[in-house]
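Structure incoming, see below.
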Amino acid sequence: MDYQVILEEINNEIKPYLNQGKVADYIPALSQANSNDFAMSLQLLDGTSYHVGCSDLHFSIQSISKVFTFSLALDIYSKAIYNRVGHEPSGNAFNSLVQLEYEKGIPRNPFINAGAIVTTDSLISHHKSSLKAYEEIESFISSLCDESITFDETIYKSELECGFRNVALINLMKSFGNIDNDVQAVIKTYFKHCSLMMSTKQLCRSMLYLANHGTDPITNITHINEPKAKRINSLMLTCGHYDASGDFAFHVGLPGKSGVGGGIVALIPKKMSLCVYSPSLNKQGNSLVGTKALELFTTKTGLSIF
Amino acid sequence: MDYQVILEEINNEIKPYLNQGKVADYIPALSQANSNDFAMSLQLLDGTSYHVGCSDLHFSIQSISKVFTFSLALDIYSKAIYNRVGHEPSGNAFNSLVQLEYEKGIPRNPFINAGAIVTTDSLISHHKSSLKAYEEIESFISSLCDESITFDETIYKSELECGFRNVALINLMKSFGNIDNDVQAVIKTYFKHCSLMMSTKQLCRSMLYLANHGTDPITNITHINEPKAKRINSLMLTCGHYDASGDFAFHVGLPGKSGVGGGIVALIPKKMSLCVYSPSLNKQGNSLVGTKALELFTTKTGLSIF
Amino acid sequence: MDYQVILEEINNEIKPYLNQGKVADYIPALSQANSNDFAMSLQLLDGTSYHVGCSDLHFSIQSISKVFTFSLALDIYSKAIYNRVGHEPSGNAFNSLVQLEYEKGIPRNPFINAGAIVTTDSLISHHKSSLKAYEEIESFISSLCDESITFDETIYKSELECGFRNVALINLMKSFGNIDNDVQAVIKTYFKHCSLMMSTKQLCRSMLYLANHGTDPITNITHINEPKAKRINSLMLTCGHYDASGDFAFHVGLPGKSGVGGGIVALIPKKMSLCVYSPSLNKQGNSLVGTKALELFTTKTGLSIF
Amino acid sequence: MDYQVILEEINNEIKPYLNQGKVADYIPALSQANSNDFAMSLQLLDGTSYHVGCSDLHFSIQSISKVFTFSLALDIYSKAIYNRVGHEPSGNAFNSLVQLEYEKGIPRNPFINAGAIVTTDSLISHHKSSLKAYEEIESFISSLCDESITFDETIYKSELECGFRNVALINLMKSFGNIDNDVQAVIKTYFKHCSLMMSTKQLCRSMLYLANHGTDPITNITHINEPKAKRINSLMLTCGHYDASGDFAFHVGLPGKSGVGGGIVALIPKKMSLCVYSPSLNKQGNSLVGTKALELFTTKTGLSIF
């Protein structure tokens, strides 16, 4: 298959959809994204990569960071992490407190905000320092994409100023005993890794180890063992898009994870990793054009896992 | 791979687990199943099949029928069916009324009871008769496995006498206008197809068209088109096991659907269909040994879709 | 105080509000009520009574019957009835299944539909016959107002045909083991006593025993003992108006019970009973003008219990 | 009636219950209360007062402060305060986030934690300073009981350190736009007035204006007008005891408000105010012996409002 031709086709076909969604505006820093921007990258296990659009533009990865932090936590804690966070779809909006309260402070999965906050807390406990935990996260992702990445100070501060609902979540979990460290330290670390800036090129490269069941096919470094890698992939499929996870599995048919900054990563096991970017979001808070582009991709290539 | 050897291995390895769960006892007829019974069948697209255990024993397929009724309804109504039933995981127990009430009588997906009741109602509307609708369901599944199947009168009557919660579900949906036909006629048709009796051999054969993207690879009959078949498969992955769907995706990594009678069907796209039977259930209401057997299968073969 | 003058004033002052609400239209029979009709009756413990408007018009008492059935059940079962129905406000709409599911089929109080269905079931158990139970209810209320009353066949049949949500409620409770008798027999008895037709004059008279702590001040018959009568009164205050009970206590300040047919009964302990009728309902399903009239009454007389 | 005799009787009759409940232990400072302590005070409108037990012992008034802060806020904002906090019973535990999320950050009533936090926020907005708002609250209650009162620094700091669920509540409301001021400033002010230390003698005296419809019968100062005072009283009846408000109305039959520190205030309109103290709590978080003592009081005197 000529992937470059397919990406170019997609780039044309998504144009009518570019302004249909709504750029995230819950913090000012995100609302300034250009809703005409679009990028799509894919990388095969042999390292060959294909790109279209502004694939070098750095955007806020937001919830995509949850994949990397969970990968680190699962590697460290193995099954023990499931005492603190489940692996079931949530059936509710991404930041709902309802389910969290009924389930005594145990988030349904690591890809909703509450679950990623718990994951972050577990990394701080492991490194005995929120600073070291953050540095580990940053350096892990940097090493994955072989480029130095960093977080955006403005976005980070905006999150800190406006993230009341996340502060509600962490305090609720703390009240149930499911947060070990200082609430402020944890939430700051969480907001920092959500504010990391990356391009589709970098994110696509960073996901390649998961497409290859845990081992980076280029460097040959095993970041996580095969069973755990498969479980992360299954989690992305069932829980990667909040309350539209079923819809994404239905239309796209790939494990993936979206961020409210407009990015979506996805992968085809043993074949390739993908990343799209377009900042306008659909009603469920996932990139509208990004979802469309991935649906076009699996339709054109027949590469859905189903 | 020598699938027969693998099935024999599994048959041995699951023995210690045989009495750990609990046979469904909400109706007397189901409670009499023998918790030592175990069967597993698999069939490749070329028709070759492998079996272990009591693979000719007929058991109550229960919720596995939801796959076939949804397949019929999706074929008839296409996207229009989604106005009446969603395609998102439910995040709640299989017969919860809570979500149904908050979501105004629209069930989250066709694989929870409420969703399958709506699907059944849609088939009755299409055939303008509950009797014809039931006959169509029975004859569809019979043709799929090329053997005549029928429902168990005792189980059907037990369901009618004890199924108060399902009667609550259908009346709640009726009050929201999401049931078109007479409540009694719909619930009876629903209980009838849940009471169909099949063996793992038959169920496995019946699922082969979905493993082959809608076209039976042996008869070459297309029962549903490829995009729709893929969507049914994705739905089985995200919603096939009630509130343990994430867990099943996590441990087994295959699209599948369980029934409270102890059966589970699963498939590996473009490769094979599978069916296991063991009547003791885990806490989420899925066959405990059946789930374990499928997990052993994907571990041994590396054939998880992730 | 000249109560007749006060009633006449209220009759004038409510005129601008007469068409602001919405007559119940969930069953055709109720929707034909005339939204210009208004009646108000009050009766002192010495038997003196005052009336304004169409105080002889018979209307469907609907949920007001819940007061009488609970009075009978509390008299029979005493505290044991609380094993099956609570005495807390519900904080949800009058027919919500959500709370009922979370609380395992035990309704919050006897004045929401689910609670009154349980009460009705308990009366059927006591009389070992649904017919006898209904006759006992009818004859109890008839004796209270010293006139023969009966239910409206058309309304009763409408309820039976359209009452899907109540059927959902009773089946849910049955699934939790909180309904002892046949579901159809209970629901029919429930709909019958909801369809009883009475005038404000009759209802006001019927409530006099509760205003007098259980003993009819005119006949001197004790229908329920004083502590139980006080508890029924407190229940009317905290739970008598579904999710607007707080609002009613707030604005009117009297124990009361409304029905979706447009009637509201209320009482001032050791002083008088009251009844208003006006069929247009406010958003919470209580008579809009009826509530207003009672608020005017306590404002003009200073007779709120607070 | 000889109230002193009645109080002495109650003091004897409650003895067997003194150790049945559980002293609040969510903060260390509260857990040190002596579960054998008991006090009860009542004061008539003419100023005569009666006391039994340790009626001069200062305890943490906790949620009883909600009555005074709501009184201040209702006086300032009148009906406008209802845009931010409702007046319906909550039907849920006192600190539940579920209902708050479903109802978009508008608490059900001012006597649950969320509601009192909103009330506190409104007072800070009015005084344009959290310090001044607190001083106003302290000086208002001091003037009501004619004695200088102050908050307990240890309890206040414990609350600040452990009050994660309240911090969750305020952040959730802030995310819905229902908190105007800085979250930390509001929560500190809230915890301060919860940590006020008062005796039953003082609390009883402080509630006398509400027993007299807003005007202190001894000083003749009107603190709030009559209609507003009646509404506060009705709110205490329907919402004063969290999810046991119906139970309290049922057994005691008086408007009242409990605090987790073991105190309960109550009143008989136009007759008297009451206060009891006993630190062991029942399952709903209200003083077990305090509730019992008030029930004995209304049984002995027949002074229930019903």
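Each chain gets a letter, A, B, C and D, in the order it is written, and its residues are counted from 1.
As a convention for this text, a contact is a pair of C-beta atoms (placed from the backbone, for glycine too) under 8 Å apart; a residue touches a chain by one contact, two chains touch by 3 or more.
From a predicted model like this one, the values you see are computed outputs, not experimental measurements.
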Intersection of the contact lists for subunit C and subunit D: none
Equivalent interface positions on subunit A and subunit B, same or different at half: same
Centroid distance [mean C-alpha coordinates] between subunit C and subunit A, Å: 55
Inter-centroid spacing, subunit B versus subunit A (mean Cα positions, whole Å): 32
Between subunit D and subunit A, distance of the C-alpha-averaged centres to the nearest whole Å: 46
Multi-partner residues of subunit D (each touching 2 or more other chains): none
In the complex, subunit A residues that touch subunit B: 86-92, 99, 108-109, 227, 230-231, 233-235, 237-239, 243-247, 249-250, 253, 255, 269, 299, 304-306
For the subunit A and subunit D complex, residues of the former touching the latter: 96-98, 101-102, 164-165, 167-169, 171-172, 174-175, 183
